[in-house]
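One chain, chain A, links the two complexes that follow: it is found with chain B in the first and with chain C in the second.
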Partner chain A sequence: MFGHKAKGNYAYAVARVKAKKAYLIGNDTYQKMLLMSLPEISRYISECGYMKEITELTSKFDGVDLIEHATYMNMARVLRSILNSTNGELHDTLAKYLEKWDIWNLKVILRGKSFGLDADGIREDLIPAGNLDSTFLNKLVSLETGEEVLDHCKNIGKVIPVEVIETYNKENNLAIIEDFLDKYRYEQLLSSINPLSKPTQLYQDFIRREIDITNIETILKLKMEGVYGNNIMKYIIPGGKDISKKLVVRLANAETLSATVDDLAQLSFYEDIKEALDTNTKSLKDVMIGMKKYKMKKTQSFSYLHPLSIIPIIDYMIRKENEVNNIRIIARGIESGLDKDIIGGLLVI
Partner chain B sequence: MDEGLAAIGAGIAVGLTGIAAGLAEKDVGAAAIGAMTENENLFGKGMILMVLPETIVIFGLVVAILIIMG
Partner chain C sequence: MPTSNITPTRSVLIELKKKVKVTKSGYKIIKMKRDGLIIEFFDVMKKVKAMHGSVTSDYEAAMTKIAIARAVEGEIAVKSAAYALKTEPHVKVSSKNIMGMTVPKIEANFKQVNLESKGYGVISTSAYIEEASNAFEKLLDTLIRAAEVEITMRKLLNEIEKTKRRVNAMEFKVIPELEESIAFVRFRLEEMDRESTIRLKFLKGKDKGEAA
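Now for the complex of A and B:
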């Protein structure tokens, strides 16, 4: 009213996601699922809210593909239904957060185009949970080349700078575009948050911590591959909370992983990854799982602090994505014949 | 004169508590509908929570009656 944008229907949206949260698969259930076969998992998840998607896709896919596609389709529908049930500033903020999936879809399309995948193959891997609807995504998929896709993205305000496209064309390296898109998304997301109230400050903190986690993942992965110095710095996303530029440079320049431990000890999530760093320096799997657990723990505690804010909704979205990832890990693990303990160790619970 | 002021006081007591109950019910009602959209079984709990702010109006009404009768 009078040109002032409404704050949004926080009470309605938060109550809805809290009710949805009660339907998420519990930690004990994952242990039961580890003992099931693939058809049993399909049947079981169809009783846990995935019925519509399993029924819809059962004639097209089977086994692990059915589970993967059904869970992704369900997640996309759930996230979009939450977005569609909100209004005002809440809707705008949520839409900005869900751009994550637009970037994901754009990357999938670009990868598909660069590897010469057919339109149907690309379409199967899309997760339309963001702002771009199926019609627009289909249009992008139907374009011939990656350049045309990038050009068409100008219509939705995603302008890739000429120099980035030129470097991509010269080096024929898709990672350049992908890195740009990731940095662009966080830059846009952070600039869209107006930290005037405590909940928006917490939301901004959460996003900045997410940037820290992504940066630490990048640094550790590259360090495992023996990359350091400026080669790491170009992949770092600016805007993190705990990790200053100075610390990033120090972490990037450290020659070994063990030399970074003292610097990592300054981070707020060090306690969650400490054990994994101490016991297993050859694999980063446990460190990544530790950081994911930290992220979930943080959003949950923030959501209790401010129940009528965007944070409980983000908390649910992260948990839903985690549920889908856990189901996929179990399904893929069982299909590959992995030991139950190994699969169990990969789950984020 | 006194009767007129008492009537104004009684009106304020009921009116303000009515507005307060309305403001409280706005969020409680929206949350109850949101929860019921996902789980119909929450109707009973939603209904109880929905009528709780009505007690404020009852207090206002009692105060108004006391003013008028006194």
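Now for the complex of A and C:
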């Protein structure tokens, strides 16, 4: 119909994703990997689909850095290949979801520029898994200053408001730009979802839960530093699912972490973080792991529903990212000499 | 001072007595300084021991936290967060005086900054990176304080050694030699007194003999 965009090639994309899903590393394999040495892990993941990237990067990196860069490169290629194989509304929705990697790359470039890092140093840390391809990212990297980078981003529709730029220039604090970009991304993502069908509604709920988790993480992080009240509210991303604005205000106004426990108890993921909150009030490590595991659990709970929708594709993307994270956790943990139990506890399986 | 170089006169004797008096009071002061330094050393040593414990525990905590942050968030994210930091630690070195000895006073010219002012985004920077960053800030602060007490302890040890050598030199060399010199001058003066008395007596006897 004139003015309407095609829905997209769901059947093809889902079939591709299902085939790829079969190659993901199984949960029980991570326990085996915990007993391997770094070269064994490199070899093992080469046999699990990372061969091309490992071979490509061998001359540049070694050891655990090779594993980290190769897995990221593989993930970027896989995610972009899925994005490029889709069309219509499906492509647009996935592109919006993968924009998080564009924001990541933008932050890496801005941080590198503010530090005075050379172009090669910045390029090394980019993960081109989003909409922006390597050519565009290289163009951004080649620009002289952070201001030029932000200015160039206008070409792709990322316009940073003047007042944000002014505050950044006044305070010389990149955090202002970064926080704006994070909030902007979620706002754009939520507004791009049309929750008319059940699958898109589920997808919207998933994103809104992610916002809830991000907000709770922000509140807890700031609480640990003794920040409360309005100072917290400015970092809250609107649009969460389970956490009402009233509850956010109450959580933000609580002066200590322990004072938030009663309010946190109302949340659906409280059971996953309860133990961590009770046992260690000085570190958020276990709370963060609890929330990551909750997010994974939620994804798994709806991944089998609506086979011809965006859900299986998003589910695969999350699983792929999780696989890369788990491989890195094991490799870095072994390299740092962390206890096997600690490494095992960090894995999201 | 070898006795052969001393002229046995009353003025030299007075001079030597003055010297002994001054040396003995100096000896007492230096001995008190040595004792004071030793007391100070034990105080500083307690602090150093405590600091060593803090450095070890803070180092282990920081290394564990950075290892976890590198594992969970990845080296790239940790490195990138480090690039965003806008505060740099500065160290101010001045000096203070302990019993006439100059020791360095090292002050960390930085405050632990909270998440909002670090330079990286509050929303997206993970708690793992933030905890590692805080642990390293704490470690840096502990290391600076440890450096101050460690240098103070080393300087105190050197000063105690030096003062001990001075005390020993005064006790076993300077004062005995001065006392020996006094004894020598006194003996020579008495000897000279006796010689002149005998000489006078002899002259008196001679005069009486001639008169008779």
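The criterion applied here is as follows: the second predicted complex is superposed on the first by the 345 of 349 C-alpha atoms of A that agree within 3 Å, B and C clash if a C-alpha of one lies under 4 Å from a C-alpha of the other, contacts with A are read in each partner's own complex, and residues count from 1 in each chain.
As a convention for this text, contacts are C-beta pairs under 8 Å (C-beta built on N, C-alpha and C of every residue); 3 or more make two chains touch, one makes a residue touch a chain.
On a predicted model such as this, the values are computed, not experimentally measured, just so you know.
Participant: Identify whether chain B and chain C fit side by side or clash on chain A in the overlaid structures.
Facilitator: fit
Participant: Once the two structures are overlaid on A, work out the angle chain B-chain A-chain C from the Cα centres, in steps of 10 degrees.
Facilitator: 160
Participant: Could you tell me if A:Thr214 is touching chain B, chain C, both of them or neither one (first, second, both, neither)?
Facilitator: Only chain C; A:Thr214 stays clear of chain B.
Participant: With the two structures laid over each other on chain A, which partner does A:Ile193 touch: chain B (first), chain C (second), both, or neither?
Facilitator: neither
Participant: Now for A:Arg16: first (chain B), second (chain C), both, or neither, which partner does it touch?
Facilitator: Only chain B is touched by A:Arg16; chain C is not.
Participant: Which partner does A:Ala175 reach: the first (chain B), the second (chain C), both, or neither?
Facilitator: second
Participant: Residues of chain A touched by chain B versus by chain C: which partner has the larger set?
Facilitator: C
Participant: Using the touch definition from the top, say if A:Leu264 reaches chain B (first), chain C (second), both or neither.
Facilitator: A:Leu264 sits against neither chain B nor chain C.
Participant: Chain B and chain C, closest CA-CA distance after overlay, in Å?
Facilitator: 28
Participant: Quick one: in the complex, what on chain C touches chain A?
Facilitator: 63-64, 67-68, 70-72, 74-76, 79-81, 83-84, 86, 114-124, 126-128, 130-131
Participant: In the complex of these two chains, what residues of chain A are touching chain B?
Facilitator: On the chain A side, the touching residues are 9, 11-16, 18-20, 22-23, 85, 308.
Participant: Looking at the complex, which residues from chain A come into contact with chain C?
Facilitator: 64-65, 68, 72, 107-108, 111-112, 114-115, 117, 125, 127, 172-175, 177-179, 181-183, 214, 217-218, 220-222, 224-227, 231, 235, 237, 283-285, 287-288, 325, 328-329, 332-333, 336-338, 342-343, 346
Participant: Give every residue of chain B touching chain A within the complex, in rising order.
Facilitator: Chain B residues touching chain A: 26-28, 30-35, 37-39, 42.
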